[in-house]
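The two complexes that follow have subunit A in common; it is paired with subunit B in the first and with subunit C in the second.
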Partner chain A sequence: MYHHTHSTVGPRELPMARSMCWHCQSEVAGEYFCERCVKVQPVSKDLDYFTCLGFPRRLTIDQHQLETKFYELSRAFHPDFYQNKSAAEQTISLGNSAMLNIAYRTLRDPIERAEYLLDLEAGSVKEIRNSPPADLFEEILELQDTLSEYRAAGHASETESTLRAKLQSERNTLEQRQREMEATLQQLFVQWDTLQDRGEATDQARTERDRILKQMRENLSNRTYVKNIVSDLASTIG
Partner chain B sequence: MAYSDKVIDHFNNPRNMGSFKKDEEGVGTGMVGAPECGDVMKLQIKVQNDTIVDAKFKTFGCGSAIASSSLATEWLKGKTVEEAQKIKNTDIVQELNLPPVKIHCSVLAEDAIKAALADYQKKADGALTDAK
Partner chain C sequence: MARIVGIDLGTTNSLVAYMADGRPRVIPDRHDRTMVPSVVAMTDNGLIVGDPAKEHLTRNPERTVYSVKRFMGKSLEDVQGELAYFPYHLTEQGGVIRIKLGEKTYSPPQISAMILKELKRRAEAHLGESITKAVITVPAYFNDSQRQATKDAGMIAGLDVLRIINEPTAASLAYGLQQKMQGTIAVYDLGGGTFDISILKLKNGIFEVLATNGDTHLGGDDFDRQIANLFVKEISEQHGLDLNAYPDHMQAVRLEAERAKIRLSDELKTTAILDLPESKGRYSRDLTRDQLESLTMELVERTLGPCRLALNDAGLTSSDLDEVVLVGGATRMPLVRQHVEALFGKQPHCELNPDEVVALGAAVQADILGGGTTDLLLLDVTPLSLGIETMGAVMSSLIRRNTTIPASAKEMFTTYVDGQTGVDIHILQGERELVKDNRSLARFRLKVPPLPAGVPRIEVTFLIDANGILNVSARDVRTGATQSLAVKPSYGLSDDEVERMIGESFKFAADDLKARQLIEARTEAEAILMATEKALKQGSHLVGEEDLSSIRASMAAVEAAKSGEDHKTIRAKMADLEKATHHLAEVLMDTSLKAALENKKLSELTSGK
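And now, the complex of A and B:
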């Protein structure tokens, strides 16, 4: 059921660093251990985190499944189990564990997962760095001015309470916007996954793909700007 | 990580903070942001006879970002448009002694300079076409 557009390998046949066992030279079918001599195989540095954990490049991930897979592989690679093995195996176990930890940490968090996917996929998307959202920037800088006015205003003065009310209302608006952006992001996740599941190679599918990635980039960028100003507002007016 | 004295000085006493009216004659506006950290920078130049006579900035971000843009406006004043193009982020890094994790702030300042110059140029070209 997995359609990889760039490769023909299925989920069980993971592309490893080498297709030949480093130890017994027999062919490794693609799992993490050589079937013949049962030696651990190095996970390639070029392997993306999704493949490393045996997941397709989807943005909706079952957290429980992810965790189960992570624990399973953690046990398989854990350096403690390689203390009595050869130096080569110890090195591989260490490298694999490190890679696995980063992969898990990245995929566990939806935002980091999306950022990572964008990094992986963005290379082929033209002008993914959208033009800066000038309106949002103006808004942020204006708010900054109001914030410093508020900080400078006399304690318990009329100016202070007026500005405070203004800032509070701005904060409500921005928080509402955050919720909307969050909802949009969720929609984009679903759209991406659906598109990947269909696995079409048409022009239309490519245009759709680029649109989703671009909107996702925009959403994630704006998210940081809005988050910063909201936390600034929160810490100033409490 | 400690900020250098120069960063602290610019942060505590920012030079040329403020803004010009965007549509004012000879004003170029550069508005840039760093999605990674959420910093926002607005840098404006006022050009007369091909020379930058004044510059202003507004920055929402960390101390290094504020210092970088503050320094940039100081450097811009008195330079010709052509000279201003030559300001590099590495010059800012050197002057402010920015640590590696803060280099992107200087990149942002250079981007802001470039954007302001481009905006000025675009407006100047437009005015020229209108005059014809």
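And now, the complex of A and C:
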């Protein structure tokens, strides 16, 4: 879908992928519109979502600022405002809007934002966990047993209500667990941002960077696993 | 830029609106009626639409189409369960429903096009200019096939459909503009045949849809059906009559059920009266609001699930909402209002006429596209997830539901066998895991150069445009060449078929025109005959015998022409009659002038006092 850039250079320093206006061939100084002929310029597909929305590659983002920027760019790119323009401009408007929408959707959600950043920094990560995290192994196995007992139990039977209560308490425990994981993730996000802000290029900084990325990856996949179990549970016991 | 109108193409009624001086207005007809009933009747004199067609519902039920919106983008199988309720005959061809009217069959987009043409004519007559561009609204929960069918209808009607927009979002535009509404709002839209719920954020002129949900088969029609079923059952019990054998009476039952429902929004009790066939006399029954509510409770409750899902998808609870807005005629029912208020914990808004607000919003969107309104922007979402079929008949999601549109996703395809020259792709829409539980949208075959397995790399882009309609393109990554795709819709008209229908539509237009001219000429002839009759009563003693006999002869000629089929003959005879009455008119004019001067009433003069 997009190219993975492994550079740690701040997005502001990234050269724009295009250098010439598609329409008047002048060098484009403006960010989204040619300064000379005012035609909309295609947002490069190589641009990452952070750069697209004008944010540094950080995991803490001010939601309000992000929304303001999204609205501002929507007003610049949306096809509604290109109805009377040339076919070429309409195509660019459509492509830019679609890119902007996916960028905003990804960055708006802290978890998706982190997954996306991991993807950018360390290559594809969305490994899908099939077995429970080690520290939850026993608990999950027991839960699976209770779940199948519950499904087999007769409607409105006594066994059913006992099992339901048990499952409900399991659900509370797991939800608590999910919140803890999210809190840990939040700490990792802050660590990441701090490290980036320092901008050091030492070996120590590199080791630190790899450690944070690794922990984030583990936490993210554990959280997804637990979250899926919780929503399964929720839909079973209603 | 030519004017763009906004059209609400409804299940029961349709409207057209335009923007003037920064305010949207609905266009009325000569009798000040804003709604065109979405009814098309095939008469001996051709097709008629709207109010005159509505009269044919009971007179000619098998050749009068109503609620055609329910069939847009559907196959016969999709609507199997409710076929029995419709007196007209449905068949299927190429995955598209066809409606049989006399010798010919029509697709739902063709029938819808007739309604659109009526609206187009109305707008042209009102604005005194030719109308060729429009924004048309659809239920937010309409899938790709239903949207495409609506766009096809516009094309067949000779309209350039610049945008398909969602009904609840259109309503929010009208509220945002006219009531200066801001914040997080829920739009609850219960129309004639469809239900939508949309959650939006309104901020500084941006209307961002956060989530939408709904049921494209739930609306006022279903409420009427509950009541009608009760009447039919009771008539069978009390009179031993199965009304199902009498399509005209079934229509009368349906219409009386609708009227009773409407009356019960204001009254606590009403009486339904129906004439029975076979000289069985009359059926008369009191219906209370309580009875209506117990009949329809389940239907109203069915709207609550989608509301909760939409809130959940938006990541909100009802306490986060600032406002709730009601749209659609069915929201006039007190039971609906109570449920909405209980669910959202807020008194809902209904300041703008729920029948007109969608058309008004469509006009606002039309003005945005035309460049007139520049401070408002609608950011809508796709209601259903889009994906493709993968191994094991499982759907793999590419664009998730409630993603802001335009939205795109890219997918890379390659081959599994050496020299393989094609890859079949099946596009789906829906939230379920298995292919069979989702809606099949289209299929196409990707052309691949014959190379060793795994070498070809074809990138396919799935793009949902601002209309919520899917566009697919493909590019060979190795050569950079783009590939044109022949995407075959699963439940839609092919491009060729739409082309052919546009052509036919012009041919029908000539027939339609003839039929309309005939109806108009007859109506006017009727009026002139009545006026002459009246004039004769007032002034026959003021003119000579010669005049009188000439007038009588001309009147008979008009009468004769009126029962003929040629509007030109009617017009010619009307002109003769006007000549014949010339002297009488003059005399009457003089007399009335004199009367006015003498301050006497004409009646006093002519009554011989």
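What we mean here is this: the second predicted complex is superposed on the first by the 171 of 238 C-alpha atoms of A that agree within 3 Å, B and C clash if a C-alpha of one lies under 4 Å from a C-alpha of the other, contacts with A are read in each partner's own complex, and residues count from 1 in each chain.
Everything below uses one rule, namely that contacts are C-beta pairs under 8 Å (C-beta built on N, C-alpha and C of every residue); 3 or more make two chains touch, one makes a residue touch a chain.
Everything quoted here is computed from the prediction, not taken from an experiment.
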- prompt: Regarding the shared-chain residue A:Y104, is it in contact with subunit B (first), subunit C (second), both, or neither?
  reply: second
Message: Contact-wise, after the overlay, does A:S74 reach subunit B, subunit C, both or neither (first, second, both, neither)?
response: second
Query: Does the superposition put A:R36 against subunit B (first), subunit C (second), both, or neither?
result: neither
- request: Name the contact category of A:A134: first (subunit B only), second (subunit C only), both, or neither.
  value: first
Query: Touch check for A:I229: first (subunit B), second (subunit C), both, or neither?
result: first
Query: In the superposed arrangement, which partner chain does A:S221 touch: subunit B (first), subunit C (second), both, or neither?
result: first
- request: Return first, second, both or neither, reflecting whether A:Q144 touches subunit B, subunit C, both chains, or no partner chain.
  value: first
Task: Under the touch definition given earlier, write down the residues of subunit A that touch subunit C in their complex.
output: 1, 71, 74-75, 78-81, 83-84, 94-95, 97-99, 101-102, 104-105
- line: Residue positions on subunit C within touch of subunit A in the complex are 1, 162-163, 203-204, 206, 208, 365, 368-371, 374, 377-379, 403-410, 463, 465-466
Field: Interfacial residue positions of subunit A with respect to subunit B in the complex
entry: 132-134, 137-138, 140-141, 144-145, 220-222, 224-225, 227-229, 232
- request: Mind listing the subunit B positions that touch subunit A in their complex?
  value: 31-33, 35-40, 42, 58, 60
